[in-house]
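Step one of this worksheet: look at the structure below.
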Amino acid sequence: MAADTERPQAPFGRRLCEVVDSRPTGGYRIFTLVDGQGPAPAPGQFYMLAAAPDWAAEGGRPYLPRAISHARVSENVSGGLRLDFLIHEVGPGTSRLARMGSGDQCWVAGPFGGRFSLPRDLNPAAAGAILVGGGIGIAPMAVLRHELVDRGIPSRSLLGFRDQSHSGGVDELFGCEETRLAFEDGSSGHKGYVTDLLLQLLEGDDAGSAAVYTCGPPAMLEAVRQICLQRSVPVELALESPMACGYGACFGCAVPKADGGYLRLCIDGPVVRGDRIATAMAGEPAID
Amino acid sequence: MTEIDLATDICGIKLTGPVLNGSGTFDALAASRVFGDALLEDFPFDCYVSKTITMNPRPGNPPYRLWETPSGMINSIGLPGPGLDGFLDRDLALLSELEVPLIVSVMADSSEDFEVLVERVAARDEVDAIELNVSCPNVHSGLIVGEQPSETEALLKALRPITAKPLIVKLTPNVANPQEIAVGAEEGGADAVSMINTVKAAAVDPDSSRAWLGVGAGGLSGPAVRPIALAQVRVVSAAISIPVIGMGGITDSESALEFILAGARVIAVGTENFRDPRAGSEVTAGLPAALTRRGFGSLAEAQSVTFG
Amino acid sequence: MTEIDLATDICGIKLTGPVLNGSGTFDALAASRVFGDALLEDFPFDCYVSKTITMNPRPGNPPYRLWETPSGMINSIGLPGPGLDGFLDRDLALLSELEVPLIVSVMADSSEDFEVLVERVAARDEVDAIELNVSCPNVHSGLIVGEQPSETEALLKALRPITAKPLIVKLTPNVANPQEIAVGAEEGGADAVSMINTVKAAAVDPDSSRAWLGVGAGGLSGPAVRPIALAQVRVVSAAISIPVIGMGGITDSESALEFILAGARVIAVGTENFRDPRAGSEVTAGLPAALTRRGFGSLAEAQSVTFG
Amino acid sequence: MAADTERPQAPFGRRLCEVVDSRPTGGYRIFTLVDGQGPAPAPGQFYMLAAAPDWAAEGGRPYLPRAISHARVSENVSGGLRLDFLIHEVGPGTSRLARMGSGDQCWVAGPFGGRFSLPRDLNPAAAGAILVGGGIGIAPMAVLRHELVDRGIPSRSLLGFRDQSHSGGVDELFGCEETRLAFEDGSSGHKGYVTDLLLQLLEGDDAGSAAVYTCGPPAMLEAVRQICLQRSVPVELALESPMACGYGACFGCAVPKADGGYLRLCIDGPVVRGDRIATAMAGEPAID
């Protein structure tokens, strides 16, 4: 048997980590865990999280842990890592996680999955990176942005939101770094889709020197993927799919491959090249 | 606490303890990619059961394949896999690095294909036993083999002469009287039954008005089905003399012991592996205390209980 | 929100809304002792279903009769009741004070007894329909009537001539193919099916090593079985043209609507009544918002969905 | 249909009440709810309680509400009633209730069941009452004791405990009133069973003028019942049995009657006369 050595490797099993902070941010929530055992995660990786001890709330759910990308990582002064997570409450699992407060315990497994490639590995001609984030999809983009800054690789961040109540985390995760924002409701920045901003950039830029990274809602991902494929711009997407385990055990996280069959998103992703998959909207009900 | 002996066996295969995995709920190859050497050093099960192998490679079902339910989950994975050749040529050599006995699960939709699978899998030294996943329609009769005692018995009679290695029949819970199927399996020459497989279930998309799962319906597993599994283990173990491998919603040593008291000889951890990759080890770790609390001096004592 | 129309009907019986109670999960007589006038003023259901009535008085099963399971419960109540005479002479007059239609559930272990029950119950004006609880063995064939399409059909054929009032068959979920039983019921002349009854289940005493329930095993209900119920409603409603009364783990308007989308015409609240005596009213109160969220302008629109 | 008018009647449905206090007491726990809707409960009645919103803890249980007797009732200064409950943690339900803290919400239905008779109604010759409580069974005894004190009816309280860690609530619920204690481990009071104290009393007293009330573990109740039946002393027992609903809906709480058949403990009890039932130990596994 062979381990994947190119990615930070998760400790075997799950571990209890303490919540040390939790705060609202623009309709979302950010909380911070201290992880004393895991390695520093790479951009694009995710964790499986479950509040302890009362994971199941009224109604017997949540039951399975939830896949959540880290939104920021830093060293903790008294040892271990501080991991930030950005949460959008959409159901029992994310609601329960969002209700955790300082001093609470959380089951953590991971970091799981693979990382974003560096721009040069994605496109040998890449001058820099274009990051396209939507909604809570800005979390992995923020992590990637920080790594690129550390490595001195230029990047531009385009962030799209439905409205102000779906725009949490920008200030905190992107800080004073330059970002271009799009709001569908026009409440700030560009009025419209973030893909409008991407199209502007790719038209202005030499599309041949671009490397695009994106994370966000399925429809946005598919739009970004199509834009890039049509222009032969290499693109990596951080996808979502229902996950029970996060480590390849359940085969639940199937995403259709471009050449037929499925990949397991938790171990073959969650970052995938745009040309490897058949669609970023698998499982979504077809639009009537 | 005094030392509690957990050693046991199933169909003559010696085991360090009674904890297996449910087929299809722990991919040792993927886990070793993800967790590295720690997996082999701290392997969570006393015996490893492979995901169900089919004759030809299968992609599995279209998404979505999972939905969470109250205290459980539904899956419609659809047996993705490399097919028999891919399994024998690649996966099996890797699985033989595991230091525990190996049971290979197989499924086919004809007796002929089952015969090929059993013959070629049993021929490999790495394999200690074969589990027959019989929740499949007979291509000739159209009947689901595992829903009919006579079909199950006929299949076993066809397969029994092929190998001396133990044949285990995985029972479906979706029948009125699982004990009748188990009796058919025993009479056909099976060495053990394992149970339960998942319970037919469906979910509605929370947003649209369609079925959530890509193929409409799937199978329920997890703690929600534990009471169903315990009832079936109770009636099946009373009806047959071959051993039962019990599973269905086992989450900890207490629920594992419940299956043994209800009549199972050994148990398997399935869905709980998804919540905790080391769930098997946790079950084992808690067993001595759970046995002691109920007044048992060994696993064998609990295994010998006749359940009311 | 615009006004959402919840009025509907089942087998021709007009209902103010689609919320019934599951038989045996709400004793209106006991509730009126406990809650007084408030019960009648604020009755939680659009139609009341009685506990199952038998020919002779029955004491029910020895304790324990209940155990809690993950997101559910097992019961082995055993149909205690006053018998047909006691019911007709005492209970029925009291139940007729309810301002909603009344369905009386009956069970017998022979076709002859079923005939007497149906005849005498149907003769009473207070009764709008009769539900046949067929999870019982046929005393002649020994087969469980509700497990065999042919037995179910034969029973219905015997009962159908007795009354013009609607006959509803309560299906057991403990079969491989509930749609076959439902087809048998329809062909025998049933006007509706109601489903699911409880799923066979057992529990181990946490302290001793015995079965917890006095009679060894019982039936599972509550949210744990909801995915099982939804799958069965899906296949049964696709197989028959008479309406389905859907139940099994309904806790709120969202889960009630899931049953309607899966193919049920109306729904019943069972175990949730134990957690909240007004659960039926809570389900009704939330239905307009649940319908609106999914884009339906009326209950009828949701009822007309063909589920994938 | 006819309502039971001789007992305080529960509001129809369940209601959220706030936890205003929770404290440990000798191995048990006492918490206080403020009930703004229910009538004052009578001695012997009980409530169905479920912590909100996270009733289900890890493992999908608790799921059903739990039957708990009130241990004390008083008027709340700002309106409503203060209800005290004494909790022995024996499983997921009682543990979850014991973990509620001030400010938490709890679902409440009830008061359910019937009340203890007054001594004169139990035995026309009764001079007073003998209360025999064991473990958490002291809670209903404390409520009855207070009512008897208010009515000027003499009573003696005999309380039995396994050991100090199973003796919570005595000081708080019985205050400075006179009690006689028995500890099985001899750590205080009489060394042995509380039934030893009862036998002493009944031998000293004119048994003919006694009325006995008891609540506690099944084996103790059955011993008290036998002692009284043998001496023709009228006795009322507050029994337990698994309850799903508390209001007669589920038929789960069956207790065998002396003359065959079963009663529903939630509506026909939980207080029953000793001679009405076949045993106070129904459902308990037979002793080998």
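Quick notes on this one:
To keep things simple, chains are lettered A, B, C and D as they appear, and every chain counts its residues starting from 1.
Keep this in mind: a contact is a pair of C-beta atoms (placed from the backbone, for glycine too) under 8 Å apart; a residue touches a chain by one contact, two chains touch by 3 or more.
Computed from a prediction, not measured in an experiment: that's the story for all the values here.
Taking the definition of touch as given, a chain qualifies here only if it contacts subunit A and subunit D alike; those chains are B, C. Any chain bridging subunit B and subunit C, meaning touching each of them, is among A, D; the list is complete.
Subunit B and subunit D have Cα centroids lying 46 Å from one another.
Look at where the CA atoms of subunit A average out and do the same for subunit B: the two points lie 35 Å apart.
Residues of subunit C in contact with at least two other chains: 67, 69-72, 207-208, 210, 222-224. Residue positions of subunit A touching 2 or more other chains, listed in rising order: 56, 59-60, 63.
Judged by the touch criterion defined above, the protein chains are all mutually in contact, each touching every other. Listed in rising order, the residues of subunit B touching subunit D in the complex are 70-71, 223-224, 251. Only residues 24-40, 42, 51, 59-73, 75, 77, 80, 94, 97, 205-208, 210, 214, 222-224, 271, 273-278, 281 of subunit B touch subunit A when the two sit together in their complex.
Of all residues in subunit B, only 67, 69-72, 74, 144, 147, 174-176, 199-204, 207-211, 216-217, 220, 222-228, 230-232, 234-235, 249, 258, 261-262, 294, 302, 305, 307-308 touch subunit C in the complex they form.
For subunit D in complex with subunit B, the residues that touch the partner chain are 56, 59-60.
Against subunit B, in their complex, subunit A makes its touches with residues 1-4, 9-14, 50, 56, 59-65, 91, 93, 107, 109, 112, 241-245, 247-256, 260-262, 264, 267, 282-283, 285.
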